[in-house]
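Each of the next two complexes has chain A plus one other chain: chain B in the first, chain C in the second.
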Partner chain A sequence: MTDYSVDLVPDLAPSSQYKFATRVLPLLLMALLLLVIPLLEPSRTSLSLLNAVGINIVFALSYNMLLGQAGMLSFGHAVYFGFGGYAAMHAMNWIETASYDGGVWAAFPVFALPLVGFAGGAAAGAVIGWPSCRRAGVPFAMISLGLAELIAAAGLMFVGLFGGEEGITGDRMNGVEAFGLSLGPIGEVYWFIAFWAFAGTALMYAFTRTPLGKLAQAVRDNPERVQFVGYNPNKVRYLVFIAAGGFAGLAGGMSAVNYEIFTPESLSVIPSGLVLLMAYIGGARYFAGPILGAIMLTYMQSNFSDYSEAWLLYLGLLFIGMIMFAPRGLAGLLLSAVSGIQHSLTVKSLLRWGAYCTAGLLVVVGGVTLIELAVRRSNGFGEVFEPFGLHLSPEQVLPWMYGGVLLAAGVGLLTALHKVGEGESK
Partner chain B sequence: MTAALQLKDVCKSFGPANVIEGVSLEVKRGERHAIIGPNGAGKSTLFNLISGLFPSTSGQILLSGRQICGLKPFEINRLGLSRSFQVSNIFANMSVRENVRCAVLWSLGYGHSFWRNIGNLKEVQRKTAEVLDKVGLSDKADVPAVLLTYADQRTLEIAITIAGGADVILLDEPTAGMSHSETNRAIELIEMASEGKTLLIVEHDMGVVFGLSDRISVLVYGEIIATGTPEEIRGDARVREAYLGDEADFAEVTA
Partner chain C sequence: METVVFALLNGLIYGLLLFMLSSGLTLIFSMMGVLNMAHASFYMLGAYFAFTLGQSTGFWFALFLAPICVGAVGACVERWGLRRIHAGGHVGELLFTFGLAYVIEELVKIIWGKFAVAYEVPAELNFSLFELYGAQYPAYRMFMLLVSITMLAGLWYLLKRTRIGLIIQASLTHPHMVSHLGHNVPRIFMLVFAAGCALAGLSGVIGGNYLVTEPSMAFSIGPIVFVVVVVGGMGSLAGAFVASLLIGFLQTFAISIDANFAEIFSFAGLNPEGDLGRITISSLAPMLPFMLLVLMLMLRPRGLMGEREF
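Up next, the complex of A and B:
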């Protein structure tokens, strides 16, 4: 028999260069980016958008601990975001009281409130996960939905805890200052958000590399077999659920400090659905997918909602489109584009890419025209759709035809490209 | 010395269908014991009962003298019993190395730890590499399990089963569907992996069964009709009867 002393065993682990490039480098780049952004002197609007993005990155990554890593589909993840946020919000008020009357909270910096959020989210996860993690698959998803509805309703009932419809408010400029940040101006809040977004991302990435993180992936792949290598899949799910609740609570704590207000709406099914979309559209199979999804959806939410009343409709269409045509999400699209450039960069493939993009653009332009016309017509105020200085009235036939023709041309081109592609692969 | 595994009058019914009807069986420590029998005899069901996947309807199952009826599969696994599946049951989206790594974690005492980087656990790396080397999958360590050939998936199935270092190993038709040369390699692997352990194996290939086992039990319609050494089984009239129609075949392959 072979003697398996350490140096005789072939080292199967990836090379340290590979490890650095795939594990450490992305995090370093993220840190660098976070440090560079303030040098570009972003406007107040951009800063508040960036802060919202930072919160949603942590929230979406925490959601993906469940969906992408452990294969648990939850419709109620905002509950843990909410519990964390409320815990942080109450603590913020205790800090304020203590800064006048004294007490233990006087020594607690507002900067560290996301830790209180983490504790709140994890505690909620530990209590709610206990019954719900005994089920997997569809029953788990249904229980999470039911609980989300129940807790959102409770949020309006228990006014002392959740502050009723107005929620509870606080003031972040109290107590001890950490890192010399008063957290007054939005530029200082940026550093707070950047710090926690980075810490949350790094910790959640580290989690994927632990024994429990690996077991979570095994449970996602094959819960039955996990039982026969000595693990209880329900217990693995439960522990991951607590961790995911904790990180959602961390994001809630970030949100509490950023907005200084927390309302029961933030633990309802609407943000729960939105975080699902972020993870899915970004690409639940990849660690970085939810980051892309969070950036894109937060941007859409803050910008499109100004331009169009139909933005939720666009969001829905985007979601359906991704499920049907790019189930690996934005991250998957990006990766296949990169590998396409590396391996098969020919004139032909470039032409095909160009054709696909043209077709996609036609579909989008045609679809948007039709939707915007329809919205204006149904509003009945005689409003006119005026993109890029054009004058498209919903009362005339021609604009509808433009939209219809563009959409039809796009769909036709896509179908043709698809047929050509199929013919070649035969 | 207590038997490694002992079944006392174990029964299992699915609704009205009595699939296992009073099986008693003793597998001695260090023994290689084969279970043979026609399709649908209840061999896999018996494995499912022993490993805790299904509860038995009645009877007792003892692992090293300890009652294991009613325990969950992972509890039985932690007591040192590991099984493979007739249909490959692996972690399809994970690499071969990750598959084996998941299977060694519990035995090395890492439980549910979430404060350690798995890449820094030298023992885990070493044990994983050792198992992969043993089964000959080292060169495919980074291949996603789903992309392996059928025979390699069967090998990985065995690798996962033995990785935790269990003392009692149950293999359900490990060579099913393999070519002749693949079967020979699998047998070598099984002989090596079961050295110093207790092996209970279900196998259809009579050549394999009679070459490998110390004792054989014949299961027909949920009942064990004979247990004995290969010689005793070869000469057993009831066994020949059970394989009636194939009698000539049976004589031929067991000769």
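Up next, the complex of A and C:
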């Protein structure tokens, strides 16, 4: 008997080159991007937008540890963001008192406050996760919603801890200066946010590579089998829940230092819903998805709300559209576009892509026209919708018809394309 | 005594209103397995439709027309929305209805404005029915009670005593068998969804002028309806009924109790100072349903009368 089995097994492990390109290189690129941004001398407005983006990236990624990695749909993730933020806020005030009176906190740099936030969020996750992680799926979602409502209501009652409606404020320019940053000007806060956004992203990525991270994915896909192999799915969920709470608290700590104020509103169901939208629109199945979602939604939130009062409607429509037509999110769309370019770049496929894009554009333009006209009519101030120098008055019939015709043409084209596509696949 | 009688009456009316909302939600859940997060939005649509229709047709026609319109909207949502993503699993459906709640609220803001509309109790019912301990009791509340009980009886009769109810019940448990027998199960699903939405619309019609008709009314009552459905046991109509009344009584009683924790603490010999002491029982009322929810899910996950853990 010759033993030839061992030699013939090909090496299935990814090559070190592949590992570097997919696991290390993206993080290095992110670090490079974060370093390059200040060289472009962004304005104060864009810096504050960038800071908000950084906070939301960490927050959305932490949410995706639950939704994307462990398959737990939570409607109350802002609770951990809030607990982390409040912990950091209180610690910031302790630092300020200690810098006059002395004490342990005097040696603690404000720069490291997100660590306090992490501890706060993880502690909240450990306490709240204990009852809620015993259930999965829809019951878990309901418990998270109930707890979020409960804690949001409690936030207004316990004035000493949460500061009542006006919240609690602090001053970040106290204590020890780390890395020579006084954290006074917004340019220095950028470095603080950039450091923690990178650290948070890298750590959360590292988490997906740990055995616990892998088990979480297994629990998402088939909890019964995980149990069969000998692990307790509820325990896995609980541990992931604590970690996700911790990273949400990290984001809360970043937010506390950035805004120097924390109100009970940030514990409520509204930010919880927003972070869910970020993760889902970006693409919950991909690690980088929530980053895309956080960037896009934060940008929309700060810019679109100036242009249009109906931005929440657009957000809702975008979300529903994503669920119905692109459940893999923005990241999934990007990846399928890339693979389309790489594999089947023919004239026919280009034409199809072009037709789909045209139809989508028609739907968007028609829909936006109708919504904006409706908003102006509803306000009743006699405003006129003026995109690109056009003069569309909501009091006349013609603009409404433009919008309606564009929308109908787009929907018709999409339906026709869908039918053609189905006919081909048969 | 006075307080107790009033709290009982108001709690009963509020509880029945909640039941009208949660019965539709329970029906939809037990049939399609989807928890409709936008259910309270249909309740809001009912109130707004009744407001608009009532301006041209009067309240009594609106009482019938508005739920039908809401049901039609619900049927469209099921046909072109939920049915398409049904294959993707329940989380997708849950998220879809979550997004729908946002969209409906924003649309309502655009169509009817951001502030409360003047949807009022019809003049024919705007009198006091009887006097109780020197206070006037409005007739409209009795009318609400009447509508709720009529609906409750009608729903029970439809589900338990008619052929339609038999087919619906069979489609809940054995959808394949029902479709083999020649019934169009997707259409039954659509009709049940529409009927559930119409029930929500009806409760909006009679609840909108009892409470306030404003764009945030869906988000204020929506979570409580979930609590009712979960506490009662997912998919159990009887459980939803008991839980609705329980929460109705709980909230109205809590509001009518004028005491704070400081008094209770000093009674129990504890330190009445601090944040906890300042909390009044009545300010706890909005939190009570959620406390009940969390307790129920921890201690008895299938709810009061649920047959299975969902």
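Definition applied: the second predicted complex is superposed on the first by the 415 of 426 C-alpha atoms of A that agree within 3 Å, B and C clash if a C-alpha of one lies under 4 Å from a C-alpha of the other, contacts with A are read in each partner's own complex, and residues count from 1 in each chain.
Quick note on the criterion: a contact is a pair of C-beta atoms (placed from the backbone, for glycine too) under 8 Å apart; a residue touches a chain by one contact, two chains touch by 3 or more.
Note that the coordinates shown come from a computational prediction; the quantities given were computed from them, not determined experimentally.
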Let me test your reading of the model: by the given contact rule, A:Ala416 touches which partner, first (chain B), second (chain C), both or neither? neither
In the superposed arrangement, which partner chain does A:Gly316 touch: chain B (first), chain C (second), both, or neither? second
Which partner does A:Met157 reach: the first (chain B), the second (chain C), both, or neither? second
Looking at A:Ala199, would you say it contacts chain B, chain C, both, or neither? Reply first, second, both or neither. neither
Who does A:Val138 touch here: chain B (first), chain C (second), both, or neither? second
Partner chain in contact with A:Asn222 - chain B first, chain C second, else both or neither: first
Identify the partner contact of A:Thr210: answer first if only chain B is touched, second if only chain C is, both if each is, neither if none is. first
Which of the two partners, first being chain B and second being chain C, lies in contact with A:Ala243: first, second, both, or neither? first
Looking at A:Ala107 after the superposition, I want to know if it touches chain B, chain C, both of them or none. Which is it: first, second, both, neither? neither
Note which residues of chain A are touching chain C in the complex, please. 71, 73, 131-132, 134-135, 137-139, 141-143, 145-147, 149-150, 153-154, 157-161, 269, 273, 276-277, 280, 310, 312-313, 315-317, 319-320, 323-324, 327, 371, 374-375, 378
In their shared complex, at which residues does chain C touch chain A? 35, 81, 84-85, 88, 90-92, 94-96, 98-100, 102-103, 105-107, 109-111, 113, 223, 226-227, 230, 274-276, 278-279, 283, 286-287, 290-291, 293-294, 297-298, 301, 309-310
Which residues of chain A touch chain B in the complex? 2, 4, 6, 9-13, 19, 206-207, 209-215, 217-218, 220-222, 224-232, 235-236, 239, 243
Contact residues on chain B for chain A in the complex? 51, 53, 72-74, 77-78, 82-83, 85, 89-94, 97-98, 101-103, 105-107, 110-119, 121-122, 125-126, 128-130, 132-133, 138, 141-142, 160-161, 163-164
